[in-house]
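Below you'll find the structure I mean.
Note that the chains take the letters A, B, C, D, E and F in the order they are written out, and that residue 1 is the start of every chain.
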Amino acid sequence: MKLSSFLNLMEEIAPASLAEEFDLGKIGLIVEGADEIDVVAAALDPTPKVVQSAAALGADMLVVHHTPLFTPVTRISGQTARILRVLLTNEMNLFVMHTNFDRAEQGINDALADLIELSNRSYMSLGIVGDSQLPLNEVIRRLGCGVRVHGTITSNNRLAVVGGSGFSLDLMEEAVACGAEAFISSELKHSIERHIPLPCIEATHYALESPGMKALSERMGWTYIDDPPESHLLV
Amino acid sequence: MKLSSFLNLMEEIAPASLAEEFDLGKIGLIVEGADEIDVVAAALDPTPKVVQSAAALGADMLVVHHTPLFTPVTRISGQTARILRVLLTNEMNLFVMHTNFDRAEQGINDALADLIELSNRSYMSLGIVGDSQLPLNEVIRRLGCGVRVHGTITSNNRLAVVGGSGFSLDLMEEAVACGAEAFISSELKHSIERHIPLPCIEATHYALESPGMKALSERMGWTYIDDPPESHLLV
Amino acid sequence: MKLSSFLNLMEEIAPASLAEEFDLGKIGLIVEGADEIDVVAAALDPTPKVVQSAAALGADMLVVHHTPLFTPVTRISGQTARILRVLLTNEMNLFVMHTNFDRAEQGINDALADLIELSNRSYMSLGIVGDSQLPLNEVIRRLGCGVRVHGTITSNNRLAVVGGSGFSLDLMEEAVACGAEAFISSELKHSIERHIPLPCIEATHYALESPGMKALSERMGWTYIDDPPESHLLV
Amino acid sequence: MKLSSFLNLMEEIAPASLAEEFDLGKIGLIVEGADEIDVVAAALDPTPKVVQSAAALGADMLVVHHTPLFTPVTRISGQTARILRVLLTNEMNLFVMHTNFDRAEQGINDALADLIELSNRSYMSLGIVGDSQLPLNEVIRRLGCGVRVHGTITSNNRLAVVGGSGFSLDLMEEAVACGAEAFISSELKHSIERHIPLPCIEATHYALESPGMKALSERMGWTYIDDPPESHLLV
Amino acid sequence: MKLSSFLNLMEEIAPASLAEEFDLGKIGLIVEGADEIDVVAAALDPTPKVVQSAAALGADMLVVHHTPLFTPVTRISGQTARILRVLLTNEMNLFVMHTNFDRAEQGINDALADLIELSNRSYMSLGIVGDSQLPLNEVIRRLGCGVRVHGTITSNNRLAVVGGSGFSLDLMEEAVACGAEAFISSELKHSIERHIPLPCIEATHYALESPGMKALSERMGWTYIDDPPESHLLV
Amino acid sequence: MKLSSFLNLMEEIAPASLAEEFDLGKIGLIVEGADEIDVVAAALDPTPKVVQSAAALGADMLVVHHTPLFTPVTRISGQTARILRVLLTNEMNLFVMHTNFDRAEQGINDALADLIELSNRSYMSLGIVGDSQLPLNEVIRRLGCGVRVHGTITSNNRLAVVGGSGFSLDLMEEAVACGAEAFISSELKHSIERHIPLPCIEATHYALESPGMKALSERMGWTYIDDPPESHLLV
């Protein structure tokens, strides 16, 4: 497939117009490689390990959720140099979809809601609220990362999920208005925690966002390269 | 004691000049109450529960680490109104020491290093690196909150501790240069986690900062009011 | 009456959308008190004397023209602490209408035009021009504060009035275009005075804006609390 | 005298380094005219009447307190065009000293203190506090403009004077600390008036600043051109 | 003709709404002179020589392309004083049309395209692409200033022309899309030159923009005052 | 040689502290490659042709004057991708010295003054003024690019030279004060040209700056890669 055709396809999957303003210039084709796309790999982050695996697969295109160039750069060194070296040497393209894929149909949040089987979904400005039939420990088992629960969960018949760093008070109020009894996201800050209006389940960023990239890869016949940060809970 | 004498005393404990620039105008006497200070209480955050307990103790002064007015306000409502109502009705003063107390001698970070018995201390731009004799599980038991470990800890003979949100890459590099083998702080973001140069132990903000306020209270004969956010780990 | 019903009522009296952009976040419910509104007081400014009088009346709501929190605050002390202490201790709400009430029907400027009996009114972007039948000394007597006249008034058959600090050159040009022969407002600056296109009558801010708050109080059955700054002319 | 020599002389009278930062680029030689300075005129403001009188005197140089180009311009029209036409056609230089002359020895504030015979002077960050032997009505008679008194004057043995718009709360606190019992300046705003810590005497800007320009003109042998804005009090 | 009628006429010739945002406040009537317009002169720049020639012609109005007050001023000295002195002394108006005249019908770019006989014109966001029948040396002879050619011109059947500093990469890409084989403008910077997508012909600013002012002058019966900067090529 | 030793060497040649503030973050090691430096190449710009030639030479280090990443980037495409691909694939370091090398001893401007044999040198804030013995046509012949002369040169006994875009009015005034009779630099803008205080000789950016890089290469035993933009004059 021609690169231009692939870009059109990606625009259908995650239209750029869905992205937050802070993503302007930081999504789409971030590193330009070969013009002919035969082998596509996907991952959450373009880590050194991921780009090397993609190169080993002979990928012409790597689709990720997080750009390696979020902060604009005037020098290329350290890990950025290592990643770009692999990409450029192999003429591998790097394509980023971020908040546009969070919001897209069958995107990050839909995949997360699928994972824990939410039905009767309400779509918030970011994230989803839905009815849950699973017991809480099964929800947590499926997330697969271990969680910190803030507050006391008395019922989990209706849950809010937001991939990434979604613990904003505005979103939580929106979730309450949609009937949510608990709120699943990652990276809860202490200053926010002091004002949460409902119990919060803090998972890892990777656990919440990788299902969307995996599901997309399966759907499209791409190779998903799993590279979770190593972490575990200790009491 | 006169309010002015108390303010002088606090300036010795945590000189305002030690604070970060973003704390300008947000530390010191934040709510002005009675001019005569007889009963002093302390806490990490001025939550509704904390101010009510302080009022029940007849406190004229409440010393905290986090201001309730970090973002400048033009209206007083919700939880801010509830807190200010108790303070103003009881003519209770509210005094804040934040990054100046993090850096002060016998401040937040020293208390944390005491808690886990660090010796041979090196002082970083923020936080401390020191030798540890305790086994890792005892370190974690003393923190008391359960932790998430990022990366693999192969040795914990020398540890970095930073109260609050201390997981910045600059601080971690500084810790490595001081010989740290693991880094203890709170609120590690995914984008940082992808670049950590040493294993990280993510505790809660409250667990890391409350020891400093408790220790100060004991030293000064004040009443420390404990009010940890409710949280627990689930695997 | 419920607080929410009272807020709806106020929105009808002085729609927030009429306010200048600089009033954003500085009008409406500025201090949140009791949820049930039985006794309402009004004043131009929430001075210490005003809030104490309102408390003595058992007011649940105080409606004023000028917010005490125009400049965003990160500390509560001095006069602000004295005012908020009375409001919060008594669970008295504080509601502010500023430039939205200047522009509202039967608002600040209409009341001022009523006071000096202007007919055949033209509405400017702010303020009113109208025909006057009263002799000049009677106009000034009704303002009640003594004035400084800038320039020479040769006729006062048609007058412009602008409550508050209304001496902008743009407004004066608009007034001239509406046929005004003199312009009444307060706080004329020397740099503006050097360019005035018509004679100006400089009254006090209080004299021009309190009639609107008084008239509203009468209309609504509220208690107006008068507290003019003490001033007099000396030659 | 050569223009360059005249500029050196002015730098001695009112060093540019004494000026407030907001005067940067707005003091000194503002309109460049003839290089030989024989006849010098002075005034408070370069009004059309003032520049025409200066031209009639054959002035090569006009020294004023207020620049006609405070707001940077990209077009020349209306009153600015009228003033510049007279200056440029006559090759008359225009020299401005503003806050640097307020602070200069024998400057605006010293001349004002001389006018009302203040002794035992304390110099504030701007303005002067001194002992007064004159009765209050004589002080006011000498100002010559009629005043508005805010608050009640119980004693006027020690007075603060600040030429121009000097009613800032910081200056008033400084005056109180210097023993002032009343504060003389111009253009008191309502929002400040509500917090004044001592009685205030509001005169006109012109009455407070013209004595300094007159005194300098006498000292230097220049012609002072008087052009007060027309105003009078009416009760 | 009344000044107001002349201004209406100019608005038809070069509507202000066509101007770039950076021209806001810097086009239109820039120096206000006499109200009656009998004699009109035009030039590219209001140089000292141009304004003196216009004055010698008895012009009431001078129409130019470049304002002498592009950077807002707070002082009038040097060449600006010399120019304004002639304009104001003679009550000569100065009218500026800049990017609005670049884009206007029969404006700067149309006149330039006429000069080198471009047909089949495509209008870009700024500038024109058209078919050329003239040999390259004749094109350059008509520009009249000598040029520097960047890159190699292999065909000049279709040319882009942009009056003024038009060598932006965006415009060049637009020109390529319109079929241009070479791009004529002025002031090519080295950092741009390194990325040019088609051969560039660098002429002088004056040579490209004066034809538009001359053509307008002829059409309107005004006197065009030619004042090219003196320059020549040396090898 | 180790990379770190090479960086120390470069700091001696062109100390970073000499650079303009706008070069902050844009000089020094811009692309990080191999840690061992054996073969060094140099050029003015890292064009595609230059980096390929350097790669063919087996260079580990390329030293240039102009960074390819002046504007901070969040995507790598087009020419930037082509350049970085060659650099990163070959593990070639890219080192930039810009305004620090302009000012360095034996830097850009000294080399330029050497080329046209200037003696008795005065150093300006940027650039050099010196006595010239060569006839003007020989000066121009040595520059090698053909020039545009602005104004009339009546004597060239003393010349100012400024590598790069040096035609600022401040520099020209400085040159006049140093006795310069003509001023050599590149990229003279029309708006500046209208105010030049001495005759100007406009050469190309490349012709003025490449001699400095060549001379340094010879001195250091590096390979200089010449890649001038293709240009010629046409009358």
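As a convention for this text, a contact is a pair of C-beta atoms (placed from the backbone, for glycine too) under 8 Å apart; a residue touches a chain by one contact, two chains touch by 3 or more.
According to UniProt, the chain labels map to these proteins: A, B, C, D, E, F = Nif3-like dinuclear metal center hexameric protein.
Quick caveat, the model's predicted, so the values are computed rather than measured.
Undergrad: Can you name the chains that touch chain A as well as chain F?
TA: In this structure, no chain contacts chain F and also chain A.
Undergrad: Which chains are shared contacts of chain D and chain F?
TA: Under the touch definition, chain D and chain F have E as mutual neighbours.
Undergrad: So which chain is the furthest away from chain C, centre to centre on CA atoms?
TA: F
Undergrad: So the centre of each chain is just the mean of its C-alpha atoms; given that, what is the distance between chain E and chain F in Å?
TA: Each chain's C-alpha centroid was found; their separation is 32 Å.
Undergrad: Mind checking the centre-to-centre distance between chain C and chain E? Centres are C-alpha means, answer in whole Å.
TA: That pair's centroid distance is 53 Å.
Undergrad: Just give me the whole-number Å value for how far the CA centre of chain B lies from that of chain E.
TA: Distance between chain centres: 65 Å.
Undergrad: Could you list the positions in chain F whose residues touch two or more of the other chains?
TA: 70
Undergrad: Based on which chains are in contact, what kind of graph results: line, ring, star, complete or other?
TA: ring
Undergrad: Considering touches as defined, can you lay out the ring of chains in sequence, from chain A by way of chain B?
TA: In ring order, starting at chain A and going to chain B first, we get A, B, C, D, E, F.
Undergrad: Which residues, counting only chain F, touch chain A once they are in their complex?
TA: 25-26, 28-33, 67, 69-70, 72-78, 81, 84-85, 88-89, 91
Undergrad: Considering the complex alone, what residue numbers of chain D touch chain C?
TA: Residues 45, 47, 66, 70, 79, 137, 140, 146-152, 165, 186-187, 189-191, 193-195, 204-206, 229-235.
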